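Two complexes follow with subunit A in common, the first pairing it with subunit B and the second with subunit C.
== the complex of A and B ==
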């Protein structure tokens, strides 16, 4: 990022500096925060001149003067909450602030440490830094620095070796309709001990159509043999701005699985990096990117095969409708010496309207020779012969299209293990892509 | 982890020195290094160009000074001092340019002999017209008469500027404008010579046109410009091949090639590129920063690029097709080799604008030694490109555990009736394949050769016959024994 881009957005950057001074001048972590702020101000917001942001322009985000969201009472019956109901340990953050009344956390689970970051900063600022350690030492992007400067709350999860948590940890980030121009920079930090197992559900939702700004960081570390099933459901309102970052470091024989759903937000972007740093670590990524209206949804994944004998498999699908624009950039990087790497990546995209656009960029960067890496990418419309087949069996065109679109979307979610999540996703897809008028 | 196999004879082959390294001692008429408007005026004056050319060069130069070198490629490039390059070098020509081979400096002809291009022989036997560019000025053009009978104009760019200024003014920069990129702008400002082809309406060019480029005078960057126009219903096949003598300093080579195909026209452009790649330690070698682009301007037109890239220390090259005309077809077939410390960032762009446009991309990358080979391609479907089709296949072959193979495909689709497919694989030569061949008495050397040739077959079959043979030999020389 050149200094030129930083100058361009100077007023926007000044805004963040002002908000910072007002809010964090007396904060216990002010020096750490200030370092992050300085790094952010130096780099500025990424611009399309930056190769990684070629397809996504943050101009609209920059020009809005977001301020930290304020806690608000919620105006609905928690019995009919928009989140996945019986999902397990639930932590609800409303406009960026923890809402104990809506959360359901058991007091103590053996082998599990659950710490709310805001709590810790307030009561034990000296120890708070321990919870902010990072799974990788790679340099942070400017928006991650922004998060590090402004984060106020979030969750730290530690699993002792061998802990098998049978109920998922469900983190809900909710924007209410009072949150116009509110911003939140939540963090989720997970340290999964050897042979532990946990399911994480991150859900980002809105109850009002407001311009909010989420800039969420997830930092996951898997020790030897640990297993994390990660669900990331981005269902914010179509006025919202959503930026997500996830970094995952997997040790020997650890297994990381992601189900990623990008449905909401006016402008959405996820940057996910998986470091397979020891032999036999495995990553499995499944995702759906479905922009409609004038949504712009961008997902960048990066899988780094650092050690030999690591494997990854990735499948992302895109369905773009209306004037929506979808972007998928998946990179597989095989480091020197990471022999016997086996990596597969596929992206298949569907354009449903004349004004929709999908930009796909599956990348391979390989520095070892004894590897098996391949990727495939397709973009097109619904298969005319399949449509014809269904029509010839007396299925209406609308139903036939719904069937084919749902089937296309479903295959990404076929591997969803958690029943509550599956039911929720089914509902979401039915809502977005329609359901059959008559059951066959 | 596999351990690199070593075999003395194979090592010897891998370490084989560049065979075409020698410097011909010819007095060059060279301007001092450096670039400013005066140098451009000088080049233009020396070439006695009409004023529109000088104006165009100056506009390009003024734009170039505002630009920065592109940084996005997956390449490590030592900084280039553009003021240390001499921008004009012409073999000492007595009075006027020679009109036939007899008038050509015998030393020059000797050079071609060393390269294995017996000019007149090849011209007669193979029926190929050769427009040999020695450094910057065309010194021999053959078969002009036969082509003239068909109405085909095939001459050096300077001659075209003198004799066909209207055509040059109409088409120059219409596919690659001088604002296009850093190296194209530089080329537009200082290009010295190149080839010009015009095939008139309905004419099928009676022979394959060929040009051999050769960089010679030390410290002279070479900036060719090629412009090929196929008028309605015309067909032309153009071959370009290069070798360069051995030297220690990096040499900049920034060419521009523009192709224009009007209604129902077809252009086939084949390249075998074998510039000096640097030595085994990566010292020296040519920087090959080329802008090649063709526009299928007319309906049912077709442009196909075939390239075999074995040379150059650094290759930065994206032969592209703009598919403007309805039903037009763009094709790109490429074999790129990066051995020792070579770096290649090459690929194509297919811009679909017209209805029913189709494109095919087949790219084969081979990396060996410490070579880094990247495929970078863009397939762009604009909203107007109804029923556009693209198929892309890029495969990489890795030989040795120090090399790299990378794929950066961009797919931008803005029309729902379009269908875009991309596949890529990366692998090494299978131990089982080698074992199979060797168990049947085929030497490891031959087995590797066979497998590599099989890997590249889809591209080689697109090359004209004589080029295909040359390409296979070239590949064998560049790669044999690199299996690791």
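== the complex of A and C ==
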């Protein structure tokens, strides 16, 4: 059992209890929070003994005494804001605290309910309890419990049936330098009514080399025929700890699409689960995991085909450089009775240095007999023949490498409709993998 | 133009070229024929700078310079072009981008101004007409999903755009039906110039009906064992390669 590790990490866990009592003793949700804290303390931080954490050791996170982030007044020239400009309705949280001055005006939009969780906790604690509820009734992981104990702010989004929101909802989590190690446990809750449509952009960024701890939860539910386009852009400082959890429940004919970019953080981990609950629900996941330096970036996805005639398509790519280490674990689970499931999963990974590492593990678990499931995983280096081909046309070796790496990374951009997002992602890729000497 | 002297090349443990010598003058078209495994493709690859081959002896001089000392991109910028036997598919890199990046790198090297988008497209459209290629292909990934014939046409299109001084055609006829072969050959013929030399490596005489060589060489056991004019190719077609091997032995 995990009692030994729990004993070892007791001082780390006690730290969270102390911070909790100091911060939430008088909080309206204290009893719900305390239940979550207890669950977290019982389980402790996951250890590599847990199969799902085999490649990712949280000891470094555990031994640091993070405290809730402090609100910090900051001002940006809008031209040089670190977030995607002009992307839509913007909600900026600085060190975990809502920053109205940096956020865009919130006009009332027909069919759209947007509530900040901190407001609701303060003014209507009974209703805020709802936000601890969730789209699925699966047991929560210990880090999700930690979020439930410590969450202070975030966004609740509800779309009335048929609402088509043209502007994306853009949630920015920004870290600035703090006197103490800051942590934040934000929540994003989305309830997309029947046939509604929305684009969500979650962007996690830092100004400078901030050593922060983000433990973010997203809980998304799509009613019949709803469509969510979800961008998750993790661009935090390379000293940061970033843990993300997303659970998505899709009803009949709902479509969920994810574009997931893991570029930042010293240690990053995302756990994403999609529940395809009713026939013809569809999930489409595209991701890029790109550790460099000494970054460790881990993404675990799990797609559960619960109902018959559900479909999923998933493509994750990894590009590891320096001493970077990437992990992709993609599980597709076909429940008994989920006949006519159609699931495709591919992971392709590129190692750019001898010291880089990528662990890719596709997993299929199938309990129905009339299904179409396929998966593939490849890991390799840049194609020497392609490199030679480009060079034989006069292109320098450096440029040829950049071209091939960018081309490989580009797949995550396929089907990005929003121009501002596309431009931002292009810039991110150029920044990370280089731009070209030769004018295109 | 090109002078190969006593070239010995090894790939791993295997000796492939074994004292090959060849001289190609400006404006000449040379055909290098030979049985499978004789080293024809290795010669083309080594001249273009492919890694993985070790030159153990011999020299290659191109326009007075030591060709083997140059990187593949330097060779390309100096006017060497290799039409690949198996053109590489590179999804995510546009054809048009490759052509433009290559052309501008070469022009820059020559001290010529880079072409802007308009000038470049005008040039490419003209060359595409020559190769009977559809414009839609420009924005596709390099060779991505192309048929065998389209890939070979694309190689010659690249040659037409990059205007090399020395073109190496590696089995450009393989995998082509007769119509595609005609288009490819017409493309190559239209690029013949007094200051441009062409070395084509081929297994079959068929290509030489369309692109008439000045010289034909037979490669066997890593050396040129016989040279002649185009009548040699016809003789090979009739008699096969065995008699030459015997003659050489």
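The rule we apply is simple: the second predicted complex is superposed on the first by the 430 of 440 C-alpha atoms of A that agree within 3 Å, B and C clash if a C-alpha of one lies under 4 Å from a C-alpha of the other, contacts with A are read in each partner's own complex, and residues count from 1 in each chain.
Definition applied: a contact is a pair of C-beta atoms (placed from the backbone, for glycine too) under 8 Å apart; a residue touches a chain by one contact, two chains touch by 3 or more.
Here the structure is a predicted model, which is why all the values come from computation and not from measurement.
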item: Subunit B versus subunit C as contact partner of A:102, first or second or both or neither; value: neither
item: Chain touching more of subunit A, residue-wise (subunit B, subunit C); value: B
item: Touching partner for A:408 - first (subunit B), second (subunit C), both, neither; value: second
item: Contacts of A:19 with subunit B and subunit C, given as first, second, both or neither; value: neither
item: First, second, both or neither for A:67, with subunit B first and subunit C second; value: neither
item: First (subunit B), second (subunit C), both or neither touched by A:81; value: neither
item: Which superposed partner A:396 touches (first subunit B, second subunit C, both, neither); value: second
item: On subunit A, positions contacted by subunit B and by subunit C; value: none
item: Subunit A residues within the subunit B interface of the complex; value: 51, 308, 336-337, 339-340, 349, 351-381
item: Parts of subunit B lying in touch with subunit A, wherever the complex brings them together; value: 1-2, 72, 74, 383, 396, 398-428, 484
item: Subunit A to subunit C touching residues, read off their complex; value: 383-386, 388-397, 399-400, 403-404, 406-408, 410-411, 436, 438-440
item: Subunit C to subunit A touching residues, read off their complex; value: 48-52, 71-73, 75-77, 81-82, 84, 87-88, 90-93, 97-98, 100-106, 109, 114, 141-142, 158, 162
